[in-house]
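Presented sequentially are two complexes of chain A, the first with chain B as partner and the second with chain C.
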Partner chain A sequence: MNVPHPKPSPTAVAFRRGGGRLPRTVHPGAWWLWALGLATAASRTTNPLLLALILAVAGFVVANRRSDAPWALAFRMYLFLGLFIIVMRVLFRIVFGAGAASGHVLVDLPEIPLPEWAAGIHLFGPVGLEHVLGGFYDGLRLATMIVCLGAANALASPKRMLKAVPAALYEVGAAVVVALSVAPQLIESVHRVRRARRLRGGAQKGMRALRSIAIPVLQDALDRSLALAAAMDSRGYGRNRHLPRTIRLVTGVLTLVGLIGVCVGVYALLDGGTPRYLGVTMLPGGLVVAGIGFVLTGRRIDRSVYLPDRWRLAEFAVAVCGLGTGALLYLTSRIDAGNLYPSLSPLAWPELAPLPVLALAVGVLPAWLAPPPPLTVPRAGVMPPAPETPVRPTTPDRGDGTILREKSVR
Partner chain B sequence: MIEFRDVTITYADAPAPALRDVELTIPEGELCLVVGRTGAGKSTLLGAINGLVPHFTGGTLRGSVRVDGIETRSQPPREFAHLVGVVGQDPLAGFVTDTVEEELAYGMEQLAIPSAVMRKRVEETLDLLGIAELRHRPLRTLSGGQQQRVAIGSVLTAHPRVLVLDEPTSALDPTAAEDVLAAITRLVHDLGITAIVAEHRMERVVQYADRLVHLPGDRTVRDGAPAEILRTCDIAPPVVELGRLAGWSPLPLSVRDARRLAAPLRERLVGHTPPAPRPTDPTTGPLLSARRIIVRYGDVIAVRGLDLELPGQVTALMGRNGSGKSSLLWALQGSGPRQGGTVDVAGVDPGRAEPKRARALVGLVPQTPGDLLYLETVDAECAEADRESGAEAGACRALLDRIAPGIDGAVHPRDVSEGQRLALVLAIQLVAAPRVVLLDEPTRGLDYHAKRRFVRVVRELADAGRAIVLATHDVEFVAQVADRVVVMAEGDIVADGPTAEVVVSSPAFAPQVAKILAPAEWLTVTDVGNALADTDVAHRQPDPSVSPDARASAADREPTG
Partner chain C sequence: MARLITALALLALPAAARLTVAAPAAQAVDTSKGTPGYCPDAGGVTIVIDFQELGGTTIVRCARGDQATGHAALKNAGIEIAGVARWGEAFICRIEGKPGANSEPCIDTPPASAYWSYWHAPNGGSWTYSQWGVMNRKPPPGSFEGWSFAKNKTETTNPPPRVAPSRPAAPATQDPPPRTNNPQPPAGNGGNPGSSGNGTTSAASGGNSGKTGGGSASTVGGSNGANGTSTSGTDPLAPGPGVSGNPMEAEPPPAAPASEVPGTAPTESAAPPGSAAPSAQPSGITPQGQTWTGGEELATKKREGIPTTTIAGIALLVAICAAAGFTTWRRRTRADGSG
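Entry: the complex of A and B
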């Protein structure tokens, strides 16, 4: 459902272009709020029909609004991860604890007797349909939540997200950016040194071999880090950031406490079992406390962002749709919980009630409401060039791509 | 704009200062070229301009350095970001983000420049440096010259008044170097930026310089008009050496100036023929013959089925960055990938032989020689090399002493100079006694003296009957040492022949002497000097302190570090 069709029909292409709207990137925060809303909705139900609908919604929006950047292609990985979770859940149900099965027995596996001290744990035994279904529902719920987060990752660039972090967290963001750019260099230098080792005969074994690779690579990495640090320093990194000690302490405590509050609140909200007041008080409370901390620090930090993602109408629409889905399902769970948790004993077919379906219909709207993403490289076959977005010919540049191969043989 | 007053800089743990009693004033809008031998203190001088020395590197600074009236001791380097733009030796190492546009904006973000101004400046800078079509490209996929221009652009967006460049063209092929220098001169002439450039390859920059700062190596600094300083300077580009030889005054700094003065010299040289390349022994076959070599990385074809035979002479492999030179060398040695073709060295294919055997057939010194070194001392590396190649103890050290005498064996290989490290790796590879030696970009980071000594080493190796291949961008070095030049483009050989034949007519690969004396095929000042000395000794009374031979012998006494 998410895999791009090799040859989309003309209507599909017109649809992806967003009906004449200019392609632009949507604020990553909007996509994350939308995805969290969907995930909240998923956490509120074990109804496989609803969960499948949520998966379909997430997949549909991703397929229509993701860009062609490398991170966007990682969505498939999340799908596989979800599948793995479901399979594991069901397998565990069959292997352990199936002995307690009552009701419809699917297969009657012989139970392996366990010693006295492992009382309560069953290994194999009769496999009950209810039991397996329960595992499947549980796994599906978790898988759906993970796929929702995967959708956010595919729709919003992780690096752009870092750009949007509050100024107070800028240092952390910068560290992550640097780490992300140093990693490929490190891999490259390992390749280079390993190849160079062959030039000396490559006879060393064990620790000596490790050493002959590790020492030049580490020296290289150190040199690079120093050069990078010097470059960042001379380009003004860390300017205008002289905070008095007390302010630093206060903001640090505020931020930390606030973030813990947010974590607890989110947990309480997602986990139906915790008292409701915990989620309702901790999440906003934490947000406010952390917000004060961020504002206090951020006010002192003087820096600007190049081409910041603006929060415009489309962003509001996307975020409201996602949060609306979550809220509607939350509402349903209070009015008509039975529909969200299909009964296992007695076994009953899951049913779809109008309200949850309406909630999911709201969740799919961003597929139309969000503007289409800009394409960095036109992909032949997958995206035929639209008349108003002419394909830029790849510049016949003398350095084009060739530097890579020289790099790789150094 | 920049004032050094009585500056002495001493690094921590160093017995002697790196620079002492520096008095230097660089007025606004000048292009100032800093020259000096490796380890003479060029990087220290450049680093002191924005306070990286001593704020970042440690050490003590006495005296005062002022930029635009602000003293560097008063503030850390980041507070000079809007005033001084620094571009380091390896642009890739200084990049913080991963696309061109973001990199250009990074410095401005730190300076809290409003978003609208940022957009305007990014566009202007893209146009100024001619990199507009690269704006969305990932930085790692750019060629060396493009990276260097992006690095310059990324500091320019902060609108600095001073631009500091450390070796901006040393890793670039001649054409890419022209692009970068054109960008720099344009900034100086059109925007009035003060530029301070350190560069080993003076021949590329000296003609554009308004001021020359020379670090003679005794930790002091001399400065003045380029022609004035070069009259007595111990390092000089070929055009100046030719000018000294011919007694031209004022000394020409560019090929154009020299050519206008050279008519009498060209007449004097009529009747002399340049020395012929080293004759190859026709009785012995080629030491290495390669047939239909193919190297590819995925869709990219690096070497396109070429044939190459290497007799016992010095072959220079030239061509722009990414034309497949390195890939070819690695494929010939057998350690790199090779998707097709055969290599034959004494009946054996090094690609199919054991690494140990392959290295006894073909030795390769890679672009970053340091990759091969991993022990604590030079002596330990030498001993390890003896063990690896089954040579008798001390063989490597003896070789090293012949190539570069006087390296302290107890020193860490990282602490020796660039030229000495190259010599060490070359010695390590020569211990295995290969008949074919391949060197990838050996002159990167070598000053004129180290280069001249290296020329002699390469000649000796070739005289001993070895086949030497040098992949290099350095046209002057090729003119001095190579018997034959092979030019590659797009993984194929586009020209192959004796050095003079290939380079003299080429706008990119011709050495300065050839450009001045064309159409006669003279390549080096030494050749011209020898030819003149043969006949009209009476006309020429060279100052012994500046004759090429005297300089060459002085070059043997290079200090360590």
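Entry: the complex of A and C
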């Protein structure tokens, strides 16, 4: 591929970097499956070494395969959120101290005596290394799981997810997608408002700055939610007036009853106290009823998708890698759980076993298996993306028009 | 971002770098704390660990002195415990490495179908299921603290520890019998009270008190007769050749300082240097046929330094972070260059 430009276009660069593959967006479902697999892996261990490695793997894949879209910048925010979680966990461990000094005492804080009715609660007191490390391990585990979901948010366009939702689940799916995209949208709003303030030369600090950022951000987010809702409504999302009332009633009842049946069945299966036949009958029964409801609803909704995300080999590979990581760590926790949960008393170094390392190696593969993301032009107006279009089978993922709006704001 | 992760990873290291870290042994009793066997007097809290279905000999150890909480008593008796990741050691999840990590990850509170139940009892009383957490209960001096693993039990069928909560009465110092450092059946121990067919546990606890100096009686060289009195006083103990079945039985060290001040927490190191080999193990069999030991055979093996796998893991982590940081940097410079 020869690009006649003196300076290679971002697409050409991505093409070369991607090993000769054309840049394209990966199906969001694939990234979500990958991230959920990593999060599952993180939930199976408290080994800080392993958790940090999972974090690094997620960060590496994001660094290699994220697009330039605004939501892709959200990953850093998730990292800060994770750091905040860890700090809070450790602080709480110190404030509500162990009460009893045991092990390696780092700092011997004086304990604040509490009245008799608050028995069992200790304020401060000696800070043991085991105690603090316990909080750190636990916080790191939660932070890693959240950062994994942040990686999915950074890699997959939240709005393209809506395209992949089955027709019957459309109303639910729209709500879920709107909820999932709240964090990226807020972050995007913060970026926009801060840039606008910089351009206006706003130099307030402290509380005033907070007010001048928070209110526009909230207003912006609300405006955009309303705009999204209006846009969806004008395109006929969730509109079912044209259906007869009885059909709507029947499908609704079927779906609801089926889902309740699934919930009861799962509860009965997991809880040892309930009779076994309850779970065995309710779960498949609920699935069948809900399935009938889905099919009936889905047949009534006609929906066409513009430029659908296809589930191709790369998507399959990405999803399998993530799920494989989760499965390998689950397997490890079944057969050799020794160093998944490093001992705190006596204090032991966290060690690494071959099987978790293999799981991590599988998890990092999407950094090469996934096709490179389509990169937009970094500065609007400097380089028009027009010449690249013939090279690509599809137009780049401008998706939902966010970027266009971004340009108009500038 | 990569810098952040690296900083996170490195934060945890220096804190732990200077520590001597024990190898994660499956089971380990900290022999530097507490004494094996029952407490000889009311000046300590006796800890009874009954593994029930988990397998393993019941452990009886003593935390000398006043104990602030049940947790402190466990710790001061040298019992190795692990809490859950979420609550720390306020919720005890694992005792002496059991249940293993394969069946219980100890992240959240263990399920009601498999957990360590907490019992307490006054001396000579009966076991009571504790209504208090391990951090909230102060065991009275001389009382018993019991830990019993409840597997698939309900509120009513929870098993109390199978060792009766009563101290062997009058822990008389036994005679120092002829020394044999290696464990052997009591048939070979001429003057050993165990071979006299009397209470084996008293022999054991007597040996314990003799070794640790906790016993108040300063008469060394008490004959079998003296021993006999001590055993007759300890009625909960099984008569018969109980010890012979227990290979843990060994002699107390030769120069047991019987006149040592009671109350000072005696340790293994207090034993004279001559008796390096298998230490005296108090052990016995309850009338219910339950064997118990002091758990000293589970002593921790210390291992120095950082394991190679840890170093390899850190190197791997740094490599991935550096790669991610490099990618981010390259993307940023390219974006700036083209813009």
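Everything below uses one rule, namely that the second predicted complex is superposed on the first by the 234 of 410 C-alpha atoms of A that agree within 3 Å, B and C clash if a C-alpha of one lies under 4 Å from a C-alpha of the other, contacts with A are read in each partner's own complex, and residues count from 1 in each chain.
Methods note: a residue touches a chain if its C-beta (ideal position, glycine included) is under 8 Å from a C-beta of that chain, and two chains touch if they have at least 3 such contacts.
For clarity, every value in this text was computed on a predicted model and none was experimentally measured.
In the overlay built on the shared chain, the residue A:Ala230 is in contact with chain B alone; chain C does not reach it. After overlaying the two complexes on the shared chain, residue contacts for A:Met77 are found with neither chain B nor chain C.
Once the two complexes are laid over each other on the shared chain, residue contacts for A:Cys263 go to neither chain B nor chain C.
Of the two partner chains placed by superposition, only chain B is touched by A:Val305; chain C is not. Shared-chain residue A:Leu210: touches no atom of chain B or chain C. Looking at the shared chain after the overlay, A:Leu133 reaches chain C, while chain B stays out of its contact range.
After overlaying the two complexes on the shared chain, residue contacts for A:Val364 are found with chain C alone; chain B is out of touch.
By the document's definition of touching, neither partner reaches A:Ala175: not chain B, not chain C.
Residues 159, 177-178, 180-181, 184-185, 192-193, 195-203, 211-213, 215-216, 219-220, 223-224, 227-240, 302-308, 376, 395, 397-410 of chain A are the ones touching chain B in the complex.
Residues 7, 10, 13, 44, 46, 48-50, 52-53, 55-57, 59-60, 62-64, 68, 75-76, 79, 83, 86, 93, 98-100, 102, 104, 106, 119-120, 122, 129-131, 133-138, 140-141, 272, 333-353, 357, 364, 377-379, 382-383 of chain A are the ones touching chain C in the complex.
Chain B contributes residues 50, 52, 56, 76-82, 84-86, 88, 90, 92-98, 101-102, 105-115, 118-119, 122, 133, 136, 140-146, 154-155, 158, 297, 300, 302, 320-327, 330, 333, 335-336, 355-356, 358-359, 363-364, 366-368, 370-374, 385, 388-389, 414, 428-429, 432, 440 to its touches with chain A in the complex. Within the complex, the chain C residues that touch chain A are 1-2, 4-5, 8-9, 12, 15-16, 19, 21-24, 28, 30, 68-69, 71-72, 75, 80-83, 85-86, 88-90, 100-102, 105-107, 113, 133, 135-136, 300, 306-307, 309-310, 312-314, 316-317, 320-321, 323-325, 327-328, 331, 334-336, 338-339.
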